[in-house]
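In what follows, subunit A forms one complex with subunit B and a second complex with subunit C.
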Partner chain A sequence: MGRQVINPWLLFLPAFIIVGFNSFIPTFYAAYLATQKYTLGVPSIFIGYDNFFHLMFDPIFWDSLSKGFAFVFACLVIEIPLGLALALALHRDTRVNRVIRTILSTPLLIPPLVVGSIWLLMVRPDIGPIPYILRKLFNLNYDIGTSPFQAFFTTVLMDVWHWTPFVFLVLVAARASIPPEPYESAMVDGASSWDIFRYITLPGMKYGIMIAFLIRMMDALKIFDEVWVLTAEGPKKATNYLSIYIVKTALSELDMGYCAAMSLFFLYIVIIITFITLKVMARR
Partner chain B sequence: MVSWEKVSSRILVGLMLIFILFPLYWLIITSFKTRLEVIGGVVFLPHKLNLINYYRPLFEDVYGAYLRNSFILSIAEVAICLPPGILAAYAFSRLKFKADNHFLFWFLTNRMAPPAAFLIPYWVLYTYLNLFDTLHGLIIINSIGNLPFTIWVLKGFIDAIPREVEEAAYIDGYTFWQMLRRILLPLLKPAIAVSALFVFIFTWNEMLFASLLTTSPAAMPLTGGLLHYMSQIWVNWSEIAALSVVANIPVIIAIYFLQKHIATALTFGAVR
Partner chain C sequence: MSGEGKVNRRTWLQTVAAAIAGIAVGAAVGWYSKPAKVLEKIITSTVTKSTTVTAPGAATTVTVPGAATTVTKTVTTVPPTPAMAEKLREWWRKVTEPWRGKRIKILAQAWEPNYYLRDVVGPKWEKLTGIKIDWELTSNELVMEKEIMDMEKGTGIYTVTYDDQDMVGTWIRKKWVIDITKLMEERPELVEPGFDPNDIFCLDYCVDPRGHILTIPAEYYPKTYVYRSDLFESPDEKKAFKSKYGYDLEPPRYWDQVHDIAEFFTRPPDLYGWINACGAKAHEALGFDFFETWFPSCGVGGEGLSPYNRKLLPGWGINTETWSARTEYGGALDSEAAVKAIDWFLKLLKFAPPGIKGWIYVECAEQVAAGRVTQTVTYTQFLSTFANPKVSKIAGKFKVAMPPVDREYWTPFKPIGYADISGYCIPWCSPNPELGFLWSQFVISPLNELDRAKSINTTVRTSVLMSPELDPLNAKFGGIFTMIRDPIAQKYFIGTPLEVGDYAPLLYVFYTELAKAVSGELTPKECAKELAKEIDAKLKELGYPVKW
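Let's turn to the complex of A and B:
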């Protein structure tokens, strides 16, 4: 377009002011808080980089970061192949498939808090059907309140329930974007179904898989609501993911300076992953 | 001939349907059981359905007020996010200005940022600014993710509208605002409805700020109230199930309309 019909800044400014106020002020304020020894209710004292120093040598912080990445890894390892298999099983645009797709996508919009309460009802040892069935069939004691592994596993299971549909929908869209011609010529050449998958389907869906992978990674790293309801930090801090640790520290120790330092660190990690995601999207 | 691929994919889909639906079924039947039935042991088919769990918390307790707050909050959030979102989306889609791509990415990083990381500075700031425990405080903080979301989604929709439509309007002597009102907004109506519904759902679902930045029934939304209920010592699980079902009602309505757009919206237009 040759001439600009209206000053773009005028259109851009209202949104910029609202989001800018909302993000710059808290970010800079967090940077300021991070230099303070500030317990809620007590006047703050300037302590320079001590909070970051503390963070470097806080074993619980690094433990929580590695638990977080273990969670992300476990979720991705299950959700991506499962979502892919479902997408390939249901990619044809028939009436039945559309109905199944709608049913499978219900968990996506459910409030994360309710996802947590649903799984709490499912796995509580006194009232839940899962521990009940495992006890009856295998005489297995399933208790997320005492077993660190079971607590971790349950959060992964919950995330698989909640977000596999997302991977599935993204990959259905990716599968739909592959033109039919390569498949037709492969059929003519008599290629095996594994070859078709390996050399046509998978390369054609690469972009969709990348997007699903990166967005899932970011969201899984940030997970809070469901886990907070289900296990909080869990037995032996088995589900003490980063968001949980920050909020728990804020609530129990009211040490806002240290929490702000952790928040900034967390923010950097997520911004780096976001940046990679955008690079991938822009290359397309 | 029945190939094993077909059979195994049918089995997979069947198992997945059970895996997705059973927890939802369990939530719903739990909400119809009495407190004693729930504690008394695992029963897969309830004998009769009773509605007491829906009545008591909503009409005799404060949960009706929480529900009202959730509605006000979500509707106000839509009203706050859409007008600036539409204008900015138009600017990013159609106009060139300095560093426009950088600004667009900057908006998205705000959407992606972990809410828990923003909680701490907001918590301290809100106590200073007297925004703690107020609905407008929650409206402000929710816009940090929802406004960038609106911009990204609407930008995708505006990109898909051919430019000739607008150019014809300018040739007819329309000003920008006339064009916006008479040409663009009518064309964008479905897109605006979709983004409004998403913003409503995201705000409705938000829990972290809702539970930690409010304390009283005057401001706390349903998610916050439900969390506080669950952290009590003496808990009635069937009432929790009932309140969870109530919290799901807008979602069930929305999923019908949003089905086609979920993948696009949750990937910020990366997938169509």
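Let's turn to the complex of A and C:
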């Protein structure tokens, strides 16, 4: 009897140890650091919640956070509908669709730093194809070093290019999970394409969409590597998203206590948003 | 007559052949024996007189190594003869014998000079000593962060780290690296016979106030003016320039002349009149371009050319008595000179290729190499790229000159610009300081130094800098060796002031404030004022003894 009780816990132990080392210990250490005035190289001092207090009145923090949300919103507004459209167009298991799906998934295989470098070359005003085409066709000067909007827009475009395939793959799987019978019945009843989409496809894919939405939202909020390579904080801090600001504070100011406070606050915001999103989407 | 002629011709040919053979043999013998005589002294003679290292301006003179030791005295001559080189190699084999089979870990910035060390010098070291190297090459920011964390926590990950000289002030303030002078005194048997501190011409910026060595330099790259000599020397261009501006087209002395030249040569989309070293991206590079080039060349701070005991730090505009950058407390970052420097920077940006605001030093150097730019003030690390016809369109078409200055605010005996002096330091927690010290010496050993200079146009040793073997390369690299062989010119290129004990956090303030001027959020005057204010706040936060 005793063995039967102990065994499940023993099986659980390796995972617990790994997660403990990778997640809990760093999080607790961050919580400890957040209560310290700790600049690298200077002995740390306990300051209680001062870092959080400072954060509340740090205009750059709030500016970075709001820019991060704008970025997430812009990305999701494009990626989810685009991924859905592609999934619906290419979900049938034909040879052509398989080839197209493989090609479309290619960006997912590229590491974020390389994606940043690719886009850096694509939008270089001197040799980049995008500024060249825009100049030739619309006489438009495209320079992410000068224009805050273009810098922001380019990071969105890069994210859409990189991560729409992920949304697409999740939604293809979701679409494939809907059995054919409801469609057959609807067609026999003479339902229009829109009705079929609205009353069968969309409800059937709801959880797939929710998962894609949540994962992309969390990922987009944390975006760092690509933007770091492409624009860093950008002109007029246009792309100074929170993760960029946190890393800059760590690497340049070496202010580890404040970084930890920002990171924890960021984590808290992500948890709250995820919780609300889950509740809202599960209700509908 | 013909018979006589034949005999005469044969005799003549024999004579010429004998003469050539004689010259060849004589030259070979001479080449082999003469240096060997000098170099033999390196190996055999023991210390009979002390070697001194003095920090100019510092109160003390320090003797290394101690007179009581039996370390050999160096009279460096490069390149070593084969016999001499073999003796040196033998010394290396013997001295590293106790560590054969061990590993060392090196943390360094990922760029050309270190790629050369990793790919060329490192394998030589491994073959010679049997000690393997684990390289960790990463960005400059990460090098700083990693080594600071390592040293602060005492984890002892790195045997030796490769830093910009910018960090020496930090090491002085924090006392986190091993005093190499002391190590040399304690372990004289580890001092390479070819190692001579007196031969290292840029050592002044790598020592503490007592003159003790904290970093053994391995690179010396001044930031010089580089221009397209093919354009500057074109008769048509010269004539057109003179008729437009009323003076001759030649390397400029002042920023207003740079402006004229930039305006004259801006012919988009193929040719632009100017590019600065570090671009104008909101990046750390923007900060160091200012305190390395723009502020010193416009006379911000700086009194004299000594690395120590300056009331007002050149380029940084910080008063070391009040620890303030504001003019009202003796600083200079919001001075008229600083405003002028920012103004020059912004004015000249108009003549740079589009995209400059998204670039840092690498992209700027690419533009120069692509032949799209007429003039720049840049790091001479890039000269080997410019001179390489495989990757450069300006190979053989560029020259270097002293950087320009502001006509109004710069005065003689103020530094003009910056010398990038990087080198090796040994963390206090290094798992093997002896090996760290040996590697640091090996990099600039006579076994390697001349080849290194030829390949990546840098040396830290006077004996190599003055070597006639570099003469053929001088033209290839735009005359850089001629320029820095001049000891006075050398003095005008300074390292980061050693009083700057917190380089990274101060750099952050510099570039974030200057980025606001680049993006048009602040005027040059507003930017200078805010920069000085923010630097003061940061100095106070970092615990400097501020008096304001």
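Here, the second predicted complex is superposed on the first by the 263 of 284 C-alpha atoms of A that agree within 3 Å, B and C clash if a C-alpha of one lies under 4 Å from a C-alpha of the other, contacts with A are read in each partner's own complex, and residues count from 1 in each chain.
Rule of thumb we're sticking to: a contact is a pair of C-beta atoms (placed from the backbone, for glycine too) under 8 Å apart; a residue touches a chain by one contact, two chains touch by 3 or more.
This structure is a prediction, so every number in the text was calculated from the model and none was measured.
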{"item": "Contacts of A:Val99 with subunit B and subunit C, given as first, second, both or neither", "value": "neither"}
{"item": "Partner contacting more residues of subunit A (subunit B vs subunit C)", "value": "B"}
{"item": "Touched partner set for A:Met187, first subunit B, second subunit C, both or neither", "value": "neither"}
{"item": "Subunit B versus subunit C as contact partner of A:Asp126, first or second or both or neither", "value": "both"}
{"item": "Subunit B versus subunit C as contact partner of A:Asp143, first or second or both or neither", "value": "second"}
{"item": "First (subunit B), second (subunit C), both or neither touched by A:Met56", "value": "neither"}
{"item": "Touched partner set for A:Ile272, first subunit B, second subunit C, both or neither", "value": "neither"}
{"item": "Which superposed partner A:Ala250 touches (first subunit B, second subunit C, both, neither)", "value": "both"}
{"item": "Subunit B versus subunit C as contact partner of A:Tyr29, first or second or both or neither", "value": "first"}
{"item": "Subunit C-contacting residues of subunit A that also contact subunit B", "value": "40, 124, 126, 250-251"}
{"item": "Residues of subunit A that touch subunit C when the two form their complex", "value": "39-42, 124-126, 141, 143-146, 148, 231-237, 248, 250-255"}
{"item": "In the complex, subunit A residues that touch subunit B", "value": "1, 4-6, 8-9, 11-12, 14-16, 18-19, 22-23, 25-27, 29-30, 33, 38, 40, 82, 85-86, 88-90, 100-114, 117-122, 124, 126-129, 132, 161, 164-166, 169-170, 172-174, 193, 208, 211-212, 215, 218, 221-222, 224-225, 228-229, 242-243, 246-247, 250-251, 256, 259-260, 263-264, 266-267, 270-271, 273-275, 277-278, 281, 284"}
{"item": "Touching residues on subunit C, where the partner in the complex is subunit A", "value": "141-142, 144-145, 148-149, 152, 170, 174, 280-284, 353-359, 363, 367, 372, 502, 504-505, 507-508, 511, 515, 518-519, 521, 541-543"}
{"item": "Partner subunit A, residues of subunit B touching it in the complex", "value": "5, 9-10, 12-13, 16-17, 19-21, 23-24, 26-27, 30, 38-39, 41-42, 44, 80, 83-85, 87-88, 90-92, 94-97, 100, 103, 105, 107-110, 112-125, 140-141, 143-144, 147-148, 151, 163, 167, 170, 176, 179, 201, 204-205, 207-208, 212, 223, 226-227, 230, 237, 240-241, 244, 247-248, 251-252, 254-256, 258-259, 262-264, 266-268, 270-272"}
